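The chains carry the letters A, B, C, D and E, assigned in the order they are written, with residues numbered from 1 in each.
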């Protein structure tokens, strides 16, 4: 099953890279969401997969009963998801602001900080 | 949004969501839940409020600026970590106090870890609301 | 394979068919509300999916997932619905503008 | 006392919270200054302990390594923390005048101090995932600082900065996942031990390359530095100064840390690539600077080219070369932050940072000229300023192992650095002001003069001190390099529990 | 600085001007007091351990060679400082000037006294910086700035080569102490690194002492005030290169490379420079070129190892410093009083400026090589020295003779014509004698030139012999300085020189156009400098335009291409490919999940409808959440779903203001698609390979065992978050707070009115 996840991650990465390379920065944002998911899945899969046994300790026991899923990657992924959300929110607001300030979402037209040399006087 | 149903329903739903989020927060140490999930759920309540009734109402209902909530949460989380210093432990060492402890049952636990999780809750809650409110007000 | 297993498998299959159909509707459209409803349907399917997962693993933890999703899942739909509403309003306004020109 | 390591990490966050809650008054900014002063004291304390014990480590939450998160400081970490504190204090004083009330109310001081917290965290942590978290803290606060002001060029530069850094972040995160999948640990010291037993060593190299790219973006090396010249000239001067001084250095630090501690198994491959990267970074950076006509743009490209020197020290991988890299790091933070601060004063007095539109500072602002001259010629590597020793050690290290080409590149780039620095000097200082103005420091209020010039003078004095008595610094850098090349002490201290 | 203070002040600048003179005089006195000991063959060494960790000491050695230089520097320095105090009286930037000039003098002294390679280099660069500031003293003009940069850049480039050479030398010989290195001359000459070291060091010295083809910066450096030129061109800056060659002479000379390089470069520079000198009409420029000629000659001698050549070197060094400083100062006086330096305009100053004329005459006679001046002795020795060359002596002798004859003519042009020739052209100002502080220098220097000519023993014992000893190791090889050495070849050559020089002087006006054509035909190095700068700038602009075009897509493409090369390339280079994965445990449910996620992802990438893209993103998020559910991660699944919901909400809000995705229709980007596919493939392969390695679960097991008993929590994931790895979580919430603050600031930063 890990192999299948690996392929899924490959697809996610490929589509997100394609999206990030687009002219429209909104697509970059979409690509960012996808690739964050891919990175989270990489961490999740690296901790190996266990079906149907959440890492919880039943009342009365001192440790989990039977084989449970690897808890550490789950904690890392949780952290990464929240961080990813923070980054996403900022990036989205940035693009939003870029449109209202620069009047475009096309990155080719965003040349204020680095004007073309021929534009210089 | 011009939906009476949504607007009326939201008042109740928002309270319910916040209540539910607190439940998720408190039980988080033992069951699925915790500060992140609690904060996220709590914030969705007010996001819904803002969508349905506008941010002005939502801000009024909240009373405190969401950024201050978030920053305050960060402060609480930090203090929960620093608290260990009074006991000579390293940063973020959990300090526990069990009320009504018996040999079989640990009783009601009060811990810095819980305060830390409350800090997390407030941060997530406040942060999401400050972004969403600010965005809403730009539309 | 017990009856329970069979039922579960069937349940999962149905959920996936539902999700698949929603996905097609989502891709094809053609209108915005079509897509919004498709997404909403997908959310509901996941609630069912969580329930099935809880039954299969005999772990109540997955019910929490279902609960949370059921509580907040409509939020996305609501936001999208508002978006659809505004877009329609804006488009009408634009058309009016064009008419008046 | 287990808090020697934790205090420098906690302080900036505490400062940030207090400064934010007091952002509508004038107390916020003084919280920032006071907090950074205490931070400096704490980091000096840390340094004293490190000098005493070599490597110190403490386990967060009391959970033994490798299970919990370890904070650890060796010579390199300690010196980076001290330099960070110095820069932070200097910039926070400068910001008293440079940052307007509006930016303060939007949370400048909180963003700034959390940025410092992230930087300190990155230097002190001994845990790879924790390093990622601090990178994020740094990154997102730098986003905030960059766009504070909302000018068009800031938004535009911000988009490039944000997009490219996000790519690096994702790469870093995925790399952590993969490393965890191979070694089963996140503690860097533990990882250094565990990674040798991974069967597929080729795969380790692949992951190492992934980290090289991820950190390479942060450190702004060729061909990944695009975001830096696109953005660094846009924010407030305090912000550019702290960016220029610290941000890329964290990337360099991470490269040095990972490629001495963990990825030292395939040096022939990875470090050879680093050497090429270093050479190309130096050259493209310095040529980029030669093509610019704005003080901040010139300085930005120079950051890139100077990063090349530090990478060169890492790539050569000899004791002397690593000592050179460490020395260069310290020297460069002080000098480059200062140059940006000076550019701010130049803009305030002469009206712009565009070299075509300013001039006359030499005649009417001689103090500023002196203050510029010291870091600028230090950057260009003139003895006996700090930059000379940095360059000398690196070139000597290259010549020592007969790396003729890299030595030649390093020297040639030094020459072109002179070219850029004298360009600023000739245009902004020597040339008469194109509009006939006499830009003098007396245009500023006495209070503004104090706030702006005291940090600049202090940093310039540091440059002079390092330059005139380099011996303790070189000795220190050599010791730090020795620790990096033989991480046994680091690993045992981390894994052996409380030092 | 206050501009109102520019009024000329005849007594100079008060203490600011006099203190430097005092410093220089004290130093001169101190060096003079060392002279007897050094003349006795002793040497004095001072060591201060500067950077022991790098083996660098600040060590100083006073021997014959360094003392000669030190005396010239401090002595002429004192006179020049005195002179400039009046010359620049009341100048608003005089304090800086005095500071720079004094620093320059001190740096120069350090340079000649240093006995450590790196110490020497430090002073070497200090002279570069201070001379940059001095040449750029007239910084208001483009020309002044250009000249300063040119001098800095050319000598700076050489200095970097020099640094490399020094480091190489230090490592090769195992010491950075010059005296230790030079003591092992045989080892050095036989060392495999000898040639690179030699080339690098000569690159430094040739640029500094303006040997052909690096000569062009020196005449331009005339942009500096005249006293600076006098100082730079007589005893200091340019002599630094000569000094270093002399210093290295005992250790490196005697090889064929050394001989031919120095001899040819020196001879060529000498002839070339004297031709150029004759062509000039600006007195200062003419003198500048004669400086080049002198430097060429000195270099030529250093190429040799004979006693004659060394004596000639030592003598001519002193001779040249004396008369050149004097003449420059004289030109300064003329410029100061008449307002021009044009040779064709000036004339008849002899009556108005008798003292100046006297000094100029003495110096010029010394320069021209008339007996009984020191210049004559110098010239005789030069001829003797050149004839002692092992191979091709006559060729070099002829070159030297030409150069000397040309110098003779220039001496006439500079020192005779302005004073004694009558011209009809009116001068800009009425000439008058300069004040005494400005006359002291030229007079003292010129008289010294005459004095030493009459009493050559004085010079011989005090300076020449010790210098030769430093160069050759023994004093016996020093040849005697004599006014009358009998009828011999040098005397004959002197006579020819005078005759030829006289012809050239009389005919120089007619010669000038011809020389001009000749020189113009040769490559113009000064124009070359401009072309070089232009080429550098346009190359820099070109490469920057390619690397940093300001187009985000190219940056992202380059970054991802690097990722691909790093991942894919390394996988191939390091053979890290995974084996074929095991797919037996795959269920239909898993496949359905994978298909769902992939379909969502591809739909996001390909659709041109914003709402479809957003919904498809939701699909992917839901699919990933389902993976978390299936593989037992309820906490993660809840978080993922909540975050996904919020993402949709935020995007939906943002889209209300944003335009549709593709205003110009859909874009197909095959190249991007290939790159994207390749990266996706390499990520999959890397992950597959990683998943093949066994996973060490120590950490997780520890957490499972301690979670409840020690951390009192049953939800291991939550315990990890808030206890085991609380610091991560703390950093994470800091990220969230800051993201919110940043986003808020971004939205509000230019809308103060809306701030609640």
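What we mean here is this: contacts are C-beta pairs under 8 Å (C-beta built on N, C-alpha and C of every residue); 3 or more make two chains touch, one makes a residue touch a chain.
Please read these numbers as outputs of a predicted model, since none were measured by experiment.
Looking at the partners of chain A and chain E together, the chains they share are B, C, D. Two chain pairs are in question, B-E and A-B; the one with more C-beta pairs in contact is B-E.
Distance from the chain B centre to the chain D centre is 36 Å, each centre being the mean of its Cα atoms. Each chain gets a centre from the mean of its Cα atoms; for chain A and chain D, those two points are 27 Å apart. Rounded to whole angstrom, the centroid-to-centroid distance between chain C and chain E, based on C-alpha atoms, equals 69 Å. Residue positions of chain A with contacts to 2 or more other chains are 20, 25, 28, 38, 42, 44-47, 51-54, 56, 72, 78-79, 82-83, 86-87, 89-90, 93-97, 100, 107, 110-111, 113-114. Those residues of chain B in touch with two or more other chains are numbered 30-33, 36-37, 41, 44, 47, 51, 67, 71, 74, 78, 81, 91-92, 94, 124, 127-128, 131, 134-135, 138. Among all residues of chain D, those that touch two or more other chains are 13, 20, 60-61, 107, 110, 129, 133, 136, 140, 143-144, 147, 150, 159-160, 163, 167, 174, 178, 181, 186, 229-230. Of all possible chain pairs, those that touch are A-B, A-C, A-D, A-E, B-C, B-D, B-E, C-E, D-E. Considering their complex, residues 1-30, 33-34, 37-38, 40-42, 44-59, 61-64, 68-72, 74-75, 77-79, 81-90, 92-97, 99-100, 105, 107-108, 110-111, 113-117 of chain A touch chain E.
Across the complex, chain C is touched by residues 588-589, 592, 596, 599-600, 603, 607, 609, 611-612, 614-616, 618-619, 622, 625-626, 629-630, 632, 634, 637-638, 641-642, 644-645, 648-649, 652-653, 655-656 of chain E.
Remark: chain B residues 28-37, 40-41, 43-44, 47, 51, 59, 65-67, 70-71, 73-74, 77-78, 81, 91-92, 94, 96, 106, 109, 111, 113, 116-117, 119-120, 123-124, 126-128, 130-132, 134-139 touch chain E in the complex. The residues of chain B lying in touch with chain C in their complex are 1-2, 6, 16-17, 20, 24, 31-33, 37, 41, 44, 47-48, 51-52. By the touch criterion stated above, chain C contacts chain A in their complex at residues 53, 56-57, 59, 61-62.
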